[in-house]
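Let me give you the structure first, and then I'll get to my questions.
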């Protein structure tokens, strides 16, 4: 399958990834980027983001703690990445929870072509509709992808992918990754992952690295990142359980697992299928 | 006692807490909020803080790395929380160490009604006097609550509570929590907790969650948060000692302990008494 | 040797260190400062940095996520520290990677006298030349200090130290610390340290503490900090290896090791020699 190849390419190319991301989980994003084989650089001043993006193989834009200063930087960096043909990932954290987040997401979607858009089901709903009423940074239960609505979610993700030109990744208990013509369901991960901050942000960051290292294969690269994150969550949970530990250990063990993950392990542990 | 009930309410209601907090310990605050049963959202742009506060069950204002931009956001969010009747916690980090921190604390106290004010003894002294000369972010030894001065500290905390309408939590080797009519002394915790950054910030964040989940019981909810934090520090220290580890492990084990803490364990381990 | 003495002084004096540093690794900087025996305070608003610096025994300026607002704060704090005769460390993260970083580094060097300048070989090259084309935040392989070019690097570091009046620390697989008349090569550390973010930032932060606690001995204090960091990396790696863990554990174990480090252990484990 493509999973091993995507991870091997990432570890071989060690792409430099420019992250304009929130200050809550930025350290986790940097450490998991290093753990998966990429190399992070964080820079958010309007006066340097274009130069930094130009140095990098990919860009990750995460609006988690956006502010009036950094929104301009996101737009500038995104346009520069587009001009240079470098992949750009959007993580619309909390889109729908405030007008600022909704409007910024719409502005980014208008001015920047994204390679991948990754969010939870409520955030992606906002992206699809251009409006929303997300309650915070977690998905509303009513929006969740389930075994029952999976075909409809797949159809809707493919349509959104067709309309935006981006691979769409809707993550939750069941993850769905789609381009305009194909959708994949991924069932890796563990519920305890929602009890630490940053699993979504970290996934977006490594997705930028996977996509940058696998040009022309955005769907496969994104699915590989999603499987890798979920599988590392499972491995981390096993360690937590064996030790009778808790969520502090889960976070450490997740990065441990990513740093040790092999292509064979990823192929063997991935729970992925077309849908 | 009320400790189990306060924790059980928190775990059942999973209140969303808006944090305007410093970038040093923000990740720890998010993770410990999740660990205790709450749900965090960090947002500090003036353009969205009122909307975000409106979504949330409680607000935590921490001035640890305040700046000219975020001070306005703190004031706006605080006023909105007041208008909606939502609890607000103030953590005046380093109040007294600079005019900016002292003036901001005074401005916040004038314009926002706080449900709880939590700080070390030097910070609370500044709050009480409106001026101060704190040396950094740690309390001066001369200001510490001791077995000897406990009755005076209790009296002074009750007066300050009466004057501000807020529950006052003065944390240190001995923690004191008071409203206008009652004071509680808490002797949980371990000295090694002062060797990691963020135990105060984390306590303020979870206090917002405890208070939000226990309306009308601000004193009990605050005392429960203080006991929980101290007890988790003790449990974490035991793990560090058993492993011959150090302060890196203490931080991880503290969040582990909070994520596994039960109401029974909290009741059993709390060292709390009237004073 | 001087290593034990420098660490013992630090643990005895617990100097308060003002850090104007990036938001990626700021939590690690605070925790390792506490672990080595110092006390951190982070503050970056122009309206308070001079007062905060005045309270502190030393200042650490790190340009990792600089922005138009914080650059002014760095200059103000640096000048105040100079006026008060307090040591100042510069960590020119990513200098050469953007004009903003290069220009800011040059501006800082013109307006502030540094006690220590610590960076990787590409960053220090930029400092020496006033210009550069660093690729990101990691050193270019071509710039690395090796067994072969060590005498030339030592000569160049001593010249730069003479020109700037600062101790120069060029860190990498082989670390080099020099003042105008003497150069030391340090061979502690482990390659896995480059797979977590922040080892450079943490080293700069503790260097400020070592230098503040050992006045008039900037070379020895800087070398002690470099040895301590490298040795703790080795100890952390041994733990990772014994547990079959990964880079998440390395980060935790690094801070554990620093918090437990004794002067005897440092003297015994240091791999340092004149060059």
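To keep things simple, chains are lettered A, B and C as they appear, and every chain counts its residues starting from 1.
The criterion applied here is as follows: a residue touches a chain if its C-beta (ideal position, glycine included) is under 8 Å from a C-beta of that chain, and two chains touch if they have at least 3 such contacts.
Model, not experiment: these values are computed from the prediction.
**Q** Counting only chain pairs that touch, give me the topology of the graph as line, ring, star, complete or other.
**A** complete
**Q** Since chain A and chain B are copies that touch, just let me know if over half of their interface numbering is common to both, same, or not, different.
**A** Different: when the shared numbers are divided by all numbers used, the fraction is under half.
**Q** Report the inter-chain centroid distance for chain A and chain B in whole angstrom, where each centroid is the mean of the CA atoms.
**A** 33
**Q** Which residue numbers or ranges of chain A touch two or more of the other chains?
**A** Within chain A, residues 23, 27, 69, 251-252 contact more than one other chain.
**Q** Using the touch definition from the top, list the residues of chain A that touch chain C in their complex.
**A** Residues 16, 23, 26-27, 30-31, 34-35, 39-48, 51-52, 55-56, 69, 251-260.
**Q** Considering only the defined contacts, which chain C positions touch chain A in the complex?
**A** Chain C residues touching chain A: 22-25, 27-28, 64-69, 94, 97-101, 135-138, 195-198, 244-249, 251-252.
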